[in-house]
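Chain nomenclature is as follows: A, B and C, assigned in order of appearance, with residue numbering initiated at 1 for each chain independently.
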């Protein structure tokens, strides 16, 4: 249905490829087969912030329903990448399609409605009650009965009895669960989770893990960044490793062990 | 229609938060009253005989306004709630208009408290042309809030020091200050009718900066 | 790479020599083709009226600089290339420089013109023209002042681009609002002789050339300075990439 985007993405090597390093070879064979169906498809995606290269001609494809973990050292560009995928930030060069639509600054609201994000920060209003927060965001997503949906989700994350309390009264783990509920209000097809386990205690971590697994079972695409490599490899089915501003590894997690990944991240070179 | 409803939800969210925390309005009103008291103590009584009304009020409005803009945007910055808004499938213009409305509501509340205080302390006589005064100040405030809302969103990074916003908005808003004081001087001192040509400068300011902000807003919002 | 010394090319040297020559020529025109004194009963400009021939071209160039800041701002918002910000910064600097000269010459001119007729006329009166040049100058002084207080280059470029656009849109509004200020009664001026007209026209050449020259140099300087920071960052990073 997106013939135009498919046509252009088969010729990924645009002028900026006149660099010494060869392009990643993933794009060429897989593009035609997957770009109409891929959940996320990046072709030579480059991001510079303050004229510093953060991501350098990244190519990868994520299938719908895949549970992918994005790994990398601190400052490797994981959060930047998720922000770009969430359309909060734009690639400086290159192309990024999500569900076959190109993500641009003015990308259509209908596309944004299919993406959900759990960030470092909860993205909630502290003064408002949990249920008010969820209802508010649900309305922005055009949900017909936002309040009912909000209560359902609070039930789902186990906070139904605290629905009326302001978010500022919540602990870190509870806030994180409300944030997850916020990301799920509009039933996104693509869920981006940026360090969702940061600062959580063991029971909360387990709860979030189970929640993500359940979402995966429902057929949603999940991209998870995490600093705990072992945990990530246990949870996800596919791993993308960012190193040296590029994708250093793009493999199913079943074939990987944490030591190998650590090596790829550049840990041993120190 | 959908956009109007979104604007309503966004603005009422701001007002609800303000009603809960009552952080901004109290701060702004007290600041405005303080400014008027300081000016009152600093000026001789003979110098404050009505004609300086606009200048004194403008100082209070300008500083109070900047505080409003900073505070309403701080609500979005906290916990990156702004990112949540930007993720939602809504037009960024709606976010701008909603913020503008919230700011205007706060600024009008400020004016409703501060103006009578100034009238009382300085014996301003606004009765000669109360309607013209309200009209001129309202139009000016819309323009001021239009510019202020735009810049408060532009420098939305929380690391920026305070005072920067005032630096950005004050020089831009000078046409409003000059025009409104000159118009009011003519009305109160010269007993002249409200001239449309003067009013049209204020209206032009509002229209130009509302349109420009609307156009630019799409491009600037990044959490 | 950015550390290399900038040696002026022959073209640049020729450019500045020509500019200087035009300046000297302009001074001769001022000396011979404009009246030594313009005097009416209530208006006595004296030799200060010669300021006018420089004042007007510089004022026009200030508007051009303001326009360039705004245009570069629009270009940055659309293209997101920091070179546009370098250019806007250069134009902002020339706007402040030229606007400062406009303000200063305006003050001197006003003081001299009414010196005899109105001894109470001091250096500053809130006349429309003086107020206009003051506000215009302040607008761009602020543009320069806010820059160092924003650390991130992208954020700084963004804030400055928006400010540059809004400030340029503000210029006509400032102009019309200052016209509401009470003006001093200006007597009808004498018709300009053709020598005066040509001198005025001539002065646009050296001043515009000076403006363009300064703009170009500031732009190169800003661009190189940024390149220097970037290369410093890259050296510090040195990623262990195969």
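By our rule, a residue touches a chain if its C-beta (ideal position, glycine included) is under 8 Å from a C-beta of that chain, and two chains touch if they have at least 3 such contacts.
Because the structure is predicted, anything quoted here is derived from the model rather than measured.
A complete topology is adopted by the chain contact network, contact being made between every pair of chains. Contact count check for A-C and B-C (C-beta pairs in contact): higher for B-C. Closest to the middle of the protein, by Cα centroid, lies chain B. Chain A and chain B, compared by their mean Cα positions, are separated by 39 Å. Each chain gets a centre from the mean of its Cα atoms; for chain A and chain C, those two points are 49 Å apart.
Centroid to centroid, with C-alpha atoms defining each point, chain B and chain C lie 31 Å apart. Multi-chain contact residues, meaning those touching two or more other chains, do not occur anywhere in chain A.
The residues of chain B that reach two or more other chains are 219, 222, listed in rising order.
The multi-chain contact residues of chain C, meaning those touching 2 or more other chains, are 152. If you check the complex, the residues on chain C that touch chain B are 77-78, 131, 135, 138-139, 142, 145-146, 149-152, 155, 158-159, 162-163, 165-167, 169-170, 173-174, 176-178, 180-181. By the touch criterion stated above, chain B contacts chain A in their complex at residues 2, 6, 9-10, 13, 16-17, 20-21, 75, 78-81, 83-91, 218-219, 222-223. Residue ranges on chain C touching chain A, taken from their complex, read 80, 82, 152-154, 226, 230, 233, 239-241. Against chain C, in their complex, chain A makes its touches with residues 49-52, 92, 243-246, 266, 269. The touching residues of chain A, when paired with chain B in their complex, are 86-89, 105-106, 109-113, 115-117, 119-128, 132, 136-137, 139-142, 166, 182.
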